[in-house]
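Encoded as structure tokens, here's the structure I'll be asking about.
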Amino acid sequence: MMIVYALYGVAALVVLAPIAIAFGPSPRATSVVYGTSLMITLTLGVIALLCLFGYSDPSTVTLPLGLPWLGAHFRIDALAAFFLVVVNLGGASASLFALGYGRHEDSPQRVLPFYPAYLAAMNLVVMADDAFSFLVSWEFMSLTSWALVISHHQVAENLRAGYVYLLMASFGTLALLLSFGLLVGDDGNYAFDAIRASHPSAALAALVLVLAIVGAGSKAGVVPLHAWLPLAHPAAPSHVSALMSGVMTKVAVYGLVRIVFDLLGPPDWWWSMAVLAVGGITAVMGVLYALMQHDLKRLLAYHTVENIGIIYIGLGLALAFKAGGMPLAAALALTAGLFHVFNHSVFKSLLFFGAGAVLNATGERDMEHLGGLIHRMPQTAFVFLVGCVAISALPPLNGFVSEWLTFQAILLSPQLPAWGLKFLVPAVGALLALSAALAAACFVKAFGVSFLGRARTPAAANAQETDSNSLAAMYFLAALCLVAGILPGFFIDALAPVTKSLVGVSMPHQIGVEWLSIVPIAESRSSYNGLLVFIFVVLSGSIAAFAIHRLASDKLRRAPAWDCGYPDPSTSTQYTASSFAQPIRRVYGATVFRAREIGEMPPPGSMAPARLTVDLHDLIWDAAYAPIAGFIGYAADRLNVLQFLTIRNYLSLVFAALVILLLVLAIWP
Amino acid sequence: MALIRDFALQGAQMLLVLLLSPLLTGFVRKVKARLLRRQGPPLLQPYRDLIRLMRKDVVLAESASWLFRVIPYIIVAGTWVAASLVPTFGSGLLFSWSADLIAIIALLGSARFFLALAGLDVGTSFGGIGSSREVMIASLAEPAMLMIVFTLALVAGSTQLSTMAAYMGSGEEGLRVSLGLALLALIIVAVAENARIPVDNPATHLELTMVHEAMVLEYSGRHLALIDLTSELKLLLYVSVIGCLFAPWGIAGPDASPRAIAIGLAVYVAKLAIGGFLLAVFETAIAKMRVFRVPAFLGAALMLGLLATLLLFVSRSL
Amino acid sequence: MRGITFDIAHMLAGSLVLVSFMQLYQDRLYALLNTFALHAFILAASVAWQAFIQDAPHLYLTAMIALVFKAIIIPVALHRIIVKLGIHREIETVVGVGPAMLLGMGLVALSMVVMLRVTAEADPLAREDLAFALSVVLLGLLMMVTRRNAVSQVIGFMSLENGLVLAATGAKGMPLVVEISIAFSVLIAFIVIGIFLFRIRERFDTVDVQALDRFRGERR
């Protein structure tokens, strides 16, 4: 029954779009649209939770839409319910944030109509139960988000981002279309039930897998298909960036999970190698790219790429264990991956909201122009810090728990029989560890350069704390980071039905464990108790503070900074985002980005300033995208001739095409 | 009754690490001084330093934020908790299962994250140089440490330090190439993490060569005392980890008799002394390396850890 | 099967791989020479241990050859050559230390796969020993490829040869004749390369082998 209510909710969101158009540029439209979206997504989230906990039978609803002989099937099973929770949690918090943030929008009429439609599309993708409605919703999601990306169309950069995004989205949908086409086979039954029942041959499955990784992966932003993501995500308004990064990439992950774990039948072991390799490379490349950025929102977008890599590693391990006949370990790995899906949607939304608040307060996205915001925006700084700690996978917050589970899954993998995995898994483990450490560096930079230090521009020096709606959304997500970090057992148990439906078993029940620890396999093997660690840290910190203030000294006086005796009042003597990343750039960038530092010293006696330029190459862009773009440009130039033909030439072209088609028909067996 | 005893033991462990850590640092300094034919400061000097610093006023930079004042407490708490979860005189303490070795490393990672932020807070160039180098070093040391943990966990079948120590102490494993590689990597990581020579020099105040000291340059008074205490705790933690994994003798098991605990305590102090002595000898024998040699040094540790894990993955299937 | 004797043999073989990695890591010639001496010393220890556990006295002779020639005479001689020629003490690398070590990891993994697949029936630890030996050989080759300096190429060659000896002694007795001939061939190679070094140095005032490329007109 729940599915019907859910569809009503989606319909309400769709209806909201034309209403938003009707309002036009009126200022009231903002609160109406975001307020209604908030209510609807909250309702949808509750419905999804009820479905996840099994209060509703996963029955299919068929609507007379789409292909006439097929109709559109919708269904909420455990997997869909979990992703619906993620989608609507993100949607609700983004709507709440936008209640405040959206008021600063220059041209709200370019954002408001597409926003509810975008939310509706993401819900529909997850609920779809046949290939046709899945693809249509997927494309609907791409188009609405594209419209949101170019909502600030005055900026040329945004238009380019929209263009690249549109191309990549079409490419991804094409790959998914082919993938589903192969899955469906000759009998042409698009319903997921029918696909599930038919088992494709090994070669076909391989092709489907590759296409699914390409199609869903291009939306999720796996390397090397990530090129559009860091352009498009920051271009949209911040709450939409949060949705794109925090939620839409998860919908893409859903697509992969649905195809690979559910529809494609029992896995082969090498499937996992493909997913693991992609995941490991994506994780490290994503964070290295992020470290090189000085645009706050772009840094966050690149960092999404890293987290998608981590999620893929979890999924890949789950596939490996499933293929290797170790269902319990598969459940652990899958739980790790899905828990990270949830966690990332929470803290990435939080961080994008923070970046949006900063953007509103200062008009700056470039970290080199920020600094010292902690004094002017203490609350935003606090919640942003929580997000940074969580995303850097540091205890006691939630990011750590999902990475910890992934590590535990890796430690189970030596028992896997396949040879290739024996070498790949430790390497992927090292990549995961490397990316975790680099992520911490990345967020020290993001937080330290934008919020700490001294203000680098007047805009940053005069920033004002953001409004209460935005803060409420951010506090809510920050609280969620903490709760999921110290009480992960509840979340792991909530994932049990999902893993049960995909790999047959679920992780041991966690809520009953003493002291609310989590114990993935056995207590002698490993356990983690976020709650106790948190209480310990808080207690010992307070004891130290209390004891010292009581027994020793609590006096404090302010003075100019010491700075080894050479304090400089100029704020440009601080470390900037680029200089902070310099050691890391030297260590990794020389190979990965062919980074070169070119110093230009003026000749002695000249008063000209010395210059240091850093030269970075995006090798992936150079190797994969530039040639294609060049080729397309070349082909377009050649085809340009077609514009200047006579009518007779055009007619003969049409005639030739007709004859060739007829010839093909004649020759075709 | 048993619960009270467990609580008491856990509390004793927390106090023990807190009290012993300045002594270890003092001991290392003393040995280093003696190796250089100097008299050296008295063994108890670190305690005196801490007390003196705590009594002094804090001089806070004008541009420092609230975070700057909170961070010393956060990092000392994180490191203290991490250090008290490592088996020292006894394993299987009440809360030892609340965090495994991965979580302990991550706790140290949290402490470092905040300390690096503190370096950026005042907005001076020295703080920035320290922080940026610290995260560069950490970006290699942390994965290396995790690979070491993988190796040990695969050998012992657990990431729980108590279980690992018990397994290593049982002598079932014998000599393993992987373990040797892991030990070597662990020593490199420990040297780097504790800002010892050749990675960093804990005694220098020459700005351009220092990492850790540059980062905490703006701290004074009780805040500085806490940060010094944190470094001391961290050194103790690493020596304890190496001791309980690679010299797992004499650790009292769970429910041990007071006699066993006393023995465990004595053995633990002996281990600390040996570890501190070796560290001092090592530091005296070599020179500090250039900052951009450090990545290769730590990269070697990462490679060793990876090699060790790889070997185990392969040999498990023989 | 898993006695302490075996463990020690295994450990020594593993250390040899480790020292090969250390060689890749060095960026000073003298340090490289010392590491090579250590390499040879561990080889000698390993061979001697094999002699002990296989009860094969002729292997002691091999160990002695390794110890005297490779761990003492050759490093000392090379040291002298370096001093005499005034060669740059820094090693010019083609590939940086980090990537070279990564490549090394890949080679070790490769040799593991190959050895474990080829020798499916053999005793597990012996298989791993063989894999170690192959790794040492490959790492030696890698060092010859990634270093420009002729001295480090010599050392790469020698450590490659050490890997061969390790493989041979692990395989239960190689005829003494073969060993001696290998030892002599190494010695001859050493002499040849030594002369070669002098010659390059005389002509080009450097031992960077790139100079030869220039001479052949391959590089502009």
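Of note:
Lettered A, B and C in written order, each chain numbered from 1.
Just so it is clear, a residue touches a chain if its C-beta (ideal position, glycine included) is under 8 Å from a C-beta of that chain, and two chains touch if they have at least 3 such contacts.
For clarity, every value in this text was computed on a predicted model and none was experimentally measured.
Closest chain to the protein centre (all Cα atoms averaged), using per-chain Cα means: A.
Chains A-B form the pair joined by the most contacting C-beta pairs. Annotation: 36 Å between the Cα-based centres of chain B and chain C. Centre to centre, using the average C-alpha position, chain A and chain C are separated by 48 Å.
Counting partners per residue, chain B has 295, 306, 310, 314 as the residues that reach two or more other chains. Multi-chain contact residues of chain C (touching two or more other chains) are listed as 98, 109, 112. Multi-chain contact residues, meaning those touching two or more other chains, occur in chain A at positions 423, 587. For chain C in complex with chain A, the touching residues are 96, 98-99, 109, 112-113.
Looking at the complex, you find that chain B touches chain A at residues 14, 51, 54-67, 69, 73-74, 76-78, 80-81, 95, 97-100, 102-103, 106-107, 109-110, 112-113, 116-117, 119-129, 131-133, 135-136, 138-143, 146-147, 150, 153-154, 157-160, 163, 207, 217-218, 220-222, 225-226, 291-292, 295, 302, 305-306, 309-310, 312-314, 316-317. Contact residues on chain B toward chain C in their complex (touch as defined above): 174-177, 180-181, 184, 295-296, 299-300, 303-304, 306-307, 310-311, 314-315, 318. Contact residues of chain A toward chain B in the complex are 371-372, 374-375, 378, 381, 385, 389, 392-395, 400, 404, 407-408, 410-411, 413-415, 417, 422-423, 425-427, 429-430, 433-434, 436-438, 440-441, 443-445, 447-449, 452-454, 515, 517, 523-529, 532-533, 536-542, 544-545, 548, 552-553, 555-564, 567-568, 571, 573-575, 579-584, 586-587. In the complex of the two chains, the chain C residues touching chain B come out as 2, 4, 7-8, 10-11, 13-15, 17-18, 21-22, 25, 27, 97-98, 101-102, 104-105, 108-109, 112, 116, 124, 127-128.
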